[in-house]
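Each of the next two complexes has chain A plus one other chain: chain B in the first, chain C in the second.
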Partner chain A sequence: MSLPNQHTISVMVENRPGVLARVSGLFARRGFNINSLAVSATEDPEISRMTVVTTGDTRELEQIIKQLNKLIDVITIYDHTDENLIEREIALIKVHATVENRSEIMQLTTVFRAEIVNITPSDETMIIEITGDQNRVDAFLETLAKFDVLELVRTGKIALVRGARAT
Partner chain B sequence: MNGAEALVKALKLEGVDVIFGISGGAALPIYHALGDPENGITHMLVRHEQAAAHMAEGFAKATGRVGVCLATSGPGATNLVTGIADAILDSVPMVAITGQVPTTAIGSDAFQESDIVGVTMPIVKHSFQARNANDIPRLVREAFYIASTGRPGPVLIDVPRDVAQAPVDKFVSPKEVKIRGYNPNTKPDLSELEQAVELIRHAEKPVLYVGGGVVSTEAHKELLALAEKTDIPVTTTLMGRGAIDDGHPLSMNMPGMHGTAYANWAIRDADLLIAVGVRFDDRVTGNLKKFARNAKVIHVEIDPAEVHKNRVAEVSIIADAKDALRELAELCPEKKHDGWRRQIAQWREEQPLFYDKNGELKPQQVIEELSELTDGQALMATDVGQHQMWAAQFYHFRRPRQLLTSGGLGTMGFGLPAALGAKVAFPQQEVWLITGDGSFQMNLQELATSRVYNLPIKIALMNNHSLGMVRQWQTLFYDQRYSGIELPDVPDYVKLADAYGCLGLRVTKPEDVRPALEQARATNDRTVLIEFIHDADEHVYPMIPSGQSVEDMRLQPRKRA
Partner chain C sequence: MSLPNQHTISVMVENRPGVLARVSGLFARRGFNINSLAVSATEDPEISRMTVVTTGDTRELEQIIKQLNKLIDVITIYDHTDENLIEREIALIKVHATVENRSEIMQLTTVFRAEIVNITPSDETMIIEITGDQNRVDAFLETLAKFDVLELVRTGKIALVRGARAT
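Let's look at the complex of A and B:
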C-alpha cells in the first residue's frame, strides 16, 4: 500500500562516480519530487540500483522515467506502480525510556516485531530498530510518538518484485 | 605518446580538422600536442571562450558535423558554459574539451580550478572526466558518438593536466561504440505509422508543423514529398526555417509568437497537426490549452521525452524525422485540400507579412533586399532580438542549415562567432550576420578572429540604439517605462570596423540600402560591417503576447491611406 500518486521506481545505473549527482540533479532541476532514495550495490559490481520513491500523476511519472532514460549512465528503469512488491525500510528510534514506561515500550516493540538493539540505563535511553514496509514503519513511529523520541533515522525504501522476472 | 597526444590523435580519427579555443595553464599539454604540425588539425584562437563554443556551434549547424571547442580550466571552462547551454537547447552536436587541474589538486580549490563537470551537468547530453590516459581514445569515441546520434547535443570531456601528461601504454580506440544505457537508433513503428496515415487520410484541414529535427536530419526532400503528395501546408519553426523553400506554395513561413498570421490561423483551425522534429516550445504554442485546440496531433520525434511533454499526441512516432517522413510519404495516399488551401491563401492575401514603408529606413527592408540580392542562397547567422525575428520572417530561405540562430536559449552574442564558424566550414559561401547593436556588442571582439584567420563575412547591424525587443515589450506591456534598454551612440561602428581591419559603412536612408549591400557583396578580402540606423519604435509584428493565444495576436498596424 502506498499513498495516492506515490510511485516506487528502480533506476539501474552504471556504478561510476557522479551518477548519483546526475540522477538527483535531474529530479531537482525538473521539479520532480524525491520522497526517498536508496542507492545500493547489486549482484553485478558494475551496476548500482537506485530505489526512488516519488510523487506525481501518471504524466509526471512518465516524464520522470523518460528524462531519467536520457541520462547515458542510466541502463534500465523499472516502474513498480501496481506491482506486487516486497519493500523494506529500516528505522532506528532512540527513546527516553524511564523506569515507568520502559516495559510499555518493550511490549509495543514486541507487538510490532521490532527489536531493541541498545539500552543505556545510565542515560535512560533505548534504541529500537524496526524493519518493514512503509506502513508498518509509519504505524510504529506513530505509536511511539507519545513517548519522548530523542532521535530518529530512517532509510529510503528498497524493493524487489516477487517471482523470477528481473526488476 | 601521452594522454594529450592520444586526445589529438583520437580527434583526428573522428575527422576533426578544426578546433576553436583559448589556451591556459591546465590546457598546456593539450596545446603542446595540438601544436605538432603533423596532426593536421587547425586551431583557431578566439578572443573569448564563449565565442569558441558558438563558433563550434556555427560550424556544426552549417555542416551537421560535430563542432569542437577547447578551453583551459577554471574561467576558460566556465566561459564555455553559455555556448554549451545554447547547444543543448538547440540540439547542436558539439564536443567541448576542457583542461583541468591535476587529479592530485582536484577538490583543493587550486588556482583556476572549477568543477566544470558539476557546473555543466544540467546542460550537457553527457560528460566525462578522464581519470586514466589510456581511457582517452575511448572517451573521445563515445563523446562524438553521443554528441552526433539520436537527438544531438553537447558532450564535455574534462582532462586533468596530469592525465594529459601521463604515458599511454597503448592507443586503443574501439571500432564500434557500445553504451548499454544509450540506444539512439529507433525505427518508426509500423502500427504507429499506419495510425498516422489513417489520421492524415481523414484530415480535412491538416498542417505540417516542422522544426529543427527536419533540418538536422536534412529531411527536406522527404518533407516535400509528403507535403506535395498529401497537399498539406507547412509551417517551419525558427529552428526549422529552410526545411521547405519559402517560395513553395505550401510554405506558410513561421508559426508562433512572431509567426505569420496565416500560419497561426491555420494552426487554430487545423483538424490535424503533423508535428515533426518539434517540441511544442512556448514561443510557438503560447497558451498550450488554446494551441491547435481543434487538432489531433501526430508527433514525430527522436527524443521520447518530448512526446506528451507539452502536448499529448494521439499518435507518436519515435524516430528520426527523415526515416519517418520517408515512410509517411510512401504510405500516404495522394490527396487534395483545395478548400483548405484556398482559405489559407485568402488569409495570406488579407494579412501578409508586411511593414510600413513610410520613407524611412526599415530593418525589414534591409532583409528583404538582401534576400533578393542573394536569391535566398546566403548562409544567414543572426543574433537574438527584433532583428532575428525580422531575418526569420523576411529572408526567403531555401534549404536546411541555412539559418544559424540561437533559438532555445536566445543567446545574444551568438551571431558573430556562429557566422565565423560557418565561414570556416564553407569559405566559398557568402555568409551574412544579421545583428543588433545590443547583441553585437556582446561578442564583437571576434572581429579580430575574422581578420586574423581571413574569414570575410558580411554584417548587417540594425542599430536602434536600444535593446529593441525588450523596448518593444516595455512599450506594449510595461507602460512605456523604458528601463535599462538605452544603448547610446557608442561605439562608432565605422571606426570600430576600421580598427579591426574591416570595412565599415553607415546607412541612414532607404535608398542607400541596396548600394551598401551590393558593396558588401562585392568586397571579399575582408569583413564588411554595415550599420543601418533605424527608429527604435519599429516593432516586430505579428505578435502573440507571451502566454496568450492566437486570439490575442497583434497585427502590424495599417497605415491610413
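Let's look at the complex of A and C:
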C-alpha cells in the first residue's frame, strides 16, 4: 500500500502553540522531509493527533522517534510500519473542463467513485473530490494528469489500526 | 460554516526539509494556536500546499501573513476569509460497538452518510469514516459522543475556491 521506505507515524501531542514547530523542527534538523502531515484535535480537545508520512532510513527514523518521545508535549507515538491499517485521505482537484472533454472527465470520476462537488460554467471549471487510500488517490490524479489541472490540494494520510490496541 | 474568528489560509511552499518548522514556528512565536493543519504535495511535486485553520485576531493574522510572505520558501498565500469555498475533511472514528448498541451506531452512520470501513468482531470494535465540511464532521462526532469512542483521527480541513482564480 505504501512506497518503499515510506513510514507512517501517529504522534499524540498536547494541543498548544509551539508543539507543531518543535515536532517538525526535530525532523528538519535530521534532514528528514515530511511527505504529508495531518494535524487536528481528537476526542479530547486538549490533545491533537499528528499523522506524519515520511520517507527515509528506518534506523534514522527510530532515532527521531526516540527524540520525539523526549519532548514534553509528546504523549504517545505509534509507528505504523507493518501494522494493519485503515488509511484515508481526500484530494480536491480543480480542472478546466471544456465542452470537448467534460464528459470524459465525468466518466472517469464515476469509474473512480469520485464526486464532482462544484461546476462553475462561466469559466469552465470543475472541482472533483476523491476519498480513499494513497494508491487510489494517486491513481486518480495520474488519470487526470492529461487534463488541465488548475489546483490540487490533498489532506495527507490519516490512519487507524484495525481492532482495539493491545497497549 | 466556520466558528467566529476562525481563519483558513492556504500556503504554497517549496517541498523541502525545514519549511514546515519555519512556517509553524512563525505562528508559535506570536502565540497563535493552529487548530488544524494539512500538508501534502500538489500537482507539482516540488511544491507543497499547507491548509492552516487558526483562531485569533484578524489583524494579528495579517501580521503573520506578512511575515510568512517574507520567508524564502513561501511561494503564495491565500487568505480564505470571506471566500466562497469548497471545504472537506475526513475523520476516522473507532468505537466500541457492543451487541446492544451496534444497530443504533449503524443507523446513525447511515443517517450521516458515513461509512463503516472495518469491523473487528473479536474485540467488538468498528471503524467509521465520515467525509464532509467541518460542521458535518463535528455534528457526527457529537452524535457519537455518547458511545465509547476509542480513537479518533481527523485530517483537518482542505479548501479550494469555486471557479478559476482571478489572480
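Following the convention adopted for this analysis, the second predicted complex is superposed on the first by the 165 of 167 C-alpha atoms of A that agree within 3 Å, B and C clash if a C-alpha of one lies under 4 Å from a C-alpha of the other, contacts with A are read in each partner's own complex, and residues count from 1 in each chain.
Assume contacts are C-beta pairs under 8 Å (C-beta built on N, C-alpha and C of every residue); 3 or more make two chains touch, one makes a residue touch a chain.
Owing to the predicted nature of the structure, the values given are computational and were not obtained by experimental measurement.
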Does chain B (first) or chain C (second) touch A:Arg59, or do both, or does neither?
first
On the A-aligned overlay, A:Lys146 touches which partner chain: chain B = first, chain C = second, or both, or neither?
neither
Output check: A:Gly18 vs chain B and chain C. Expected answer is one of first, second, both, neither. What do you get?
both
With the two complexes superposed on chain A, say which partner A:Lys70 touches: chain B (first), chain C (second), both, or neither.
first
Which partner, once the models are overlaid, touches more of chain A's residues, chain C or chain B?
C
Have a look at where A:Phe32 lands relative to chain B and chain C in the superposition and call it first, second, both or neither.
second
Give me the intersection of chain A's contacts with chain B and its contacts with chain C, in residue numbers.
18, 21, 25
Per the contact definition, I'd like the list of chain A residues that touch chain B in the complex.
13-14, 18, 21-22, 25-26, 29, 59, 62-63, 66-67, 69-76
In the complex, chain C touches chain A at residues 10, 15-18, 20-21, 24-25, 27-28, 31-43, 49, 51, 86, 88-92, 94, 96, 117-118, 120, 122-123, 125, 127, 129, 131, 141, 145, 149-156, 158-160, 162-165
Counting only contacts in the complex, chain B reaches chain A at residues 117-118, 121-122, 125-126, 129, 146, 179-182, 303-305, 308-309
